[in-house]
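One chain, subunit A, appears in both complexes that follow, with subunit B as partner in the first and subunit C in the second.
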Partner chain A sequence: MSNFDVFDDQPDDDPNAISYKTDKTKGVTFDVSYKVYDPDDIRRQQDEMIDEVNMILAMSKEDAAIILRHFRWNKERLIDGYMDDSPKVLEAAGLGPSVTESPKLESISGFMCDICCEDEDGLLTFAMKCGHRYCVDCYRQYLNQKIREEGEAARIQCPSDGCHRIIDSRSLDLLVTADLRSRYRELLNRTFVEDKDTLKWCPAPDCANAVECGIKKKDLDKVVPTVACNCGYRFCFGCILSDHQPAPCELVKRWLKKCADDSETANWISANTKECPKCNSTIEKNGGCNHMTCRKCKHEFCWMCMGLWSEHGTSWYNCNRFEEKSGTDARDAQAKSRVSLERYLHYYNRYANHEQSARLDKDIYQKTEKKMVQLQTASGMSWIEVQYLNTASQALQTCRQTLKWTYAFAFYLARNNLTEIFEDNQKDLEMAVEALSEMFEKPIAELADAKLKVDIMDKTAYCNKRRVILLDDTADNLATGRWSFNVDLKSAAGRR
Partner chain B sequence: MAGLGPKRLGKELTKITNNLPPGITLVSADNLEEWYLDIKVLDQNPLYAGQTYRLKFKFSNSYPIEAPEVTFVKLDNRPIPMHPHIYSNGIICLDLLGSQGWSPVQSVESVCMSIQSMLTGNTKNERPPGDEEFVRGNRQRPRDIAFYYHDNTV
Partner chain C sequence: MTISLPSEADLSKWDVVLTGPLGTPYAGGVYNITVTLPADYPFKAPQVNFATRIYHPNVTNDSLGNICLGVLKPENWKPASRVRAVLEAVRQLLVEPNPEDPLETRIADEYKNNRPEFDKNVKNYVSRYAKPAGK
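Presenting the complex of A and B:
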């Protein structure tokens, strides 16, 4: 394998790189710059780069495309490499030395196809520039197999064993039907986006757009790069999950894993069990006396005071001891683990609550639309005039999404003198959102009241503002490393 | 589509009935779907000396565009050879037999020779890691298994 095959692919000068903006006039700190591309843009981008390489290196467009794909669309590196040692680069890209000129379909007398062993006269054959000639039927089936069955496009090699010549789009056009050709183009577009670290597909269902953002993996402990596709879907460019500001990707990953492990079970455990003071096994007492013998470590203790049973002497079935030393220690240890569980549940319950509300977002939105129609008839307001409900609904959704993640964020946040500001911001936003939510769900009759309309509009603006303030503060402290977390963010930043 | 198979397999059969490299013998090729061949390792590799192994070739409609399915078959006098890329149920982990490594120019004969040389070059008297579990759990066809060619030295 040649050493041209692997690149770390980070352009050195990155025009889209995030600047941690401190200049408030330019926008808010938590915003990253990004661009949304539709399928036509994606195609155009490729064409432009192909044209450029086609001109600079004076090679055909088909070859330029192949070599660009080989260099994962890193034009600078391509040109450098090519200037250094063009035969080597061409060979590695699958454009080895040419044997025949401009490939075309032809019949050659005395030819036998090495694939199907067909040798009749007039058999149409094809060979790429490598000169490995096969009959057109075999070539077609081969391409069909690669494209249709194996989903391969950018690196379809010559059928000959050990030949690394890559099929170019002009040859492909000569050989296959239109539907296969469009499948081929689709697969190529896919590899274009997947090859570039600065491009990601929008994960929303049925959305064909891609988003470009210069955030690098190693920066994910400093910034939460939320982007919004033109389809309206907001997602994190770092991990492709839906918007999780203000929590950084690594915390989100840990939190989701923790929630999948714990939650429901944890609830029940907390309500019904105690831990063995010696080995911390969880024990459910389902009847019987207070004399407990741990199944696991055989430790004997009293269920009531958690102290050593041996210290109870003969006062069985009735714990009347108070403040035995061993009992206090055990209770301390247990209290500690209970506190940690309670702490988790505190955050989890709030997180889950907002998630629940977020899940109802779709419902709310549909209700809103209905409401807007009803309101028009009830109050005589125009369509434009009732749009404030739509705005309010959207603000509610976005704010709840943010609030949800503030709780996961807070769970991992180690207390320092900035956490109080964060908690105040969180409280303000939460109160504002709940207030707006209440107004929003009022019956139509009341909504028709002009004063409530003004109130809702004010509250909507206030919610959005509180959200920006909260995100601004968290992002700012994250970028400058002023938060401390009780887990290591760096451990996973850089890998995915 | 009728497939390229019949004519190609016919030609291959004619060729291998008359002439096969040493150590490879055709056992049966009664139809164009399943062939059996025996292979021996010719040098004095102590792991395989004196043994004969049976290979089963299954051809799909897309052969030779698609690789044939090639496995070792266990009989009373035909064991499964010991090799770090051969599972004890006869499945062979060889890039040549996967879609990435296969070329339609390969043939039954060339596959046999590759397997022969894969045995010749081996010195390890062992099964692939996780053999037992794989053999117990695997219900997939060999070509659907995403083998991870983790070791190209053997």
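Presenting the complex of A and C:
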């Protein structure tokens, strides 16, 4: 069944939800509004909500926290529910009727712990407001087991069989050591982010930030909500995969699945070697750019289409476009399936190529970085003056990421008069990126040339500009529903 | 229901003999059940398995005899829960199987849709695996 339902309780006409739609005054179309929170912000947000509920409903902060968690931090629903039937809400949240006041550690004469049967005089015991009393050692071990072993925090109940009272943070503080307490708080933060539909953890390794974004799941066919965490990682808020603009989440899911299914063919086709079209020497691509020169025969060709490079340099560059066969071929079923495979491989090759090239560009940059020191001495430039290489490298990475997904996007795109513009944009960006990539590969001696520096800076700016133009166009048409796809973005939810 | 320790030195392993409750197709069967108390008991739930093969929606139909029982799940188990209550729940499971939460979906479907066939299979298993020793 559709797993989109969780989001559907929000009203469609929420005025805050449409800020991402075509609103030229607030910057470019493909940008969504979002906020990045560090762990302290996340804690503060919870504290603020707890304080509010504590004031409105006049209950202790610990209880307010428990009841907020029960309502998954939806304050409006909490207050409505509470006003409606407070005993029922309290019981369900794990704040049933109290029999004792302000829990504390105490020893009670004649007490025997129901868990360990210890009954020694002066035994320290504890009970929450539900009155189920156990010795402190058992209570501690129970909490340790729950927090440390089971990773539970928000829903730890009283140790008594059948009692649903939830442990509050004040009771916990009385019982456990500082490191267990900090683990408990960490787990509570985790449930806070996971409970809220508008919050998601940054998926980058070792990043503790969360991102807030108002995009709802049902809008993912209209917008590709890319967010950038303060740690620098760019990811899609809709599906948590790394940035896949301009392709909508559903297309990405299908594309990745298709690539996994067709992996044998794709592996075969994307094998790292190709033969020189002139002398048939086996060639492995070891640089980021598509301009290949055969070592043996000096033949210059394009790695993508294997055509003559000289044809690319001038006005004729049709390497990014798959010329669909005319309708006459369609009658032959065999030819049709071959065309469909060829068509897929056409897009897959270009997709995989950009993925690989981005990796190679990065490698080259890492090598260059060391040489940047040499470049400073060779040219007399300062560290800041050689940073243009860093900027260029980042532009290459981002643009290749975008280009990569334009091919997955194009695979599912049905032709209409807008696709031409899209392909032109794609072609422009791709040409600019390959040109930049080629400059970037130059040996260090040439990089010291001041003219090349200016060229690289210009090309970097141009690449970034072309990328914005492409994404702006695709996002605009997506938001207004002007693209048509070979697959249905809506009904796809149930299909795997 | 009788309980014994297979080894006097090890209190963490119990052998339980359960007789099929009267009025159910399990009546006449004698079931060996093993209860293993983990090192962290009672903070962790005991493990309960059928050593005797049994035809039941909530017990795996293999030599492991794993049981799906609510009280044994980590989120439901409490240190103050009693093994006795667990064994009562196991017996209750024979009186009233829970086909909505099955380990053996085929048997659960049969229980829901073809009770005579289910009863027949249960009795079949009783006579094949669960006859009291010496008879």
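The rule is simple: the second predicted complex is superposed on the first by the 394 of 496 C-alpha atoms of A that agree within 3 Å, B and C clash if a C-alpha of one lies under 4 Å from a C-alpha of the other, contacts with A are read in each partner's own complex, and residues count from 1 in each chain.
The rule we apply is simple: contacts are C-beta pairs under 8 Å (C-beta built on N, C-alpha and C of every residue); 3 or more make two chains touch, one makes a residue touch a chain.
Predicted, not measured: the structure shown is a model, and the values here were computed from it.
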| item | value |
| --- | --- |
| Combined model on subunit A: subunit C and subunit B, fit or clash | clash |
| Which superposed partner A:Glu118 touches (first subunit B, second subunit C, both, neither) | first |
| Which of subunit B and subunit C A:Cys138 touches, first, second, both or neither | both |
| Contacts of A:Asp161 with subunit B and subunit C, given as first, second, both or neither | both |
| Partner chain in contact with A:Ser242 - subunit B first, subunit C second, else both or neither | neither |
| Partner chain in contact with A:Asn189 - subunit B first, subunit C second, else both or neither | neither |
| Partner chain(s) touched by A:Glu150 [first = subunit B, second = subunit C, both, neither] | both |
| First, second, both or neither for A:Ser33, with subunit B first and subunit C second | neither |
| First (subunit B), second (subunit C), both or neither touched by A:Asn390 | neither |
| Set intersection of subunit A contacts, subunit C complex versus subunit B complex | 114-115, 134, 138, 141-142, 145, 149-150, 159-162 |
| Subunit A - residues contacting subunit C, complex | 114-115, 132, 134, 138, 141-142, 145, 149-150, 152, 155, 157-163 |
| Subunit A-touching residues of subunit C, taken from the complex the two chains share | 40, 42-44, 74-75, 78-82, 85 |
| For the subunit A and subunit B complex, residues of the former touching the latter | 114-118, 134, 137-138, 141-142, 145, 149-150, 159-162 |
| Residue ranges of subunit B in contact with subunit A within the complex | 1, 4, 7-8, 10-12, 62, 64-66, 99, 103-106 |
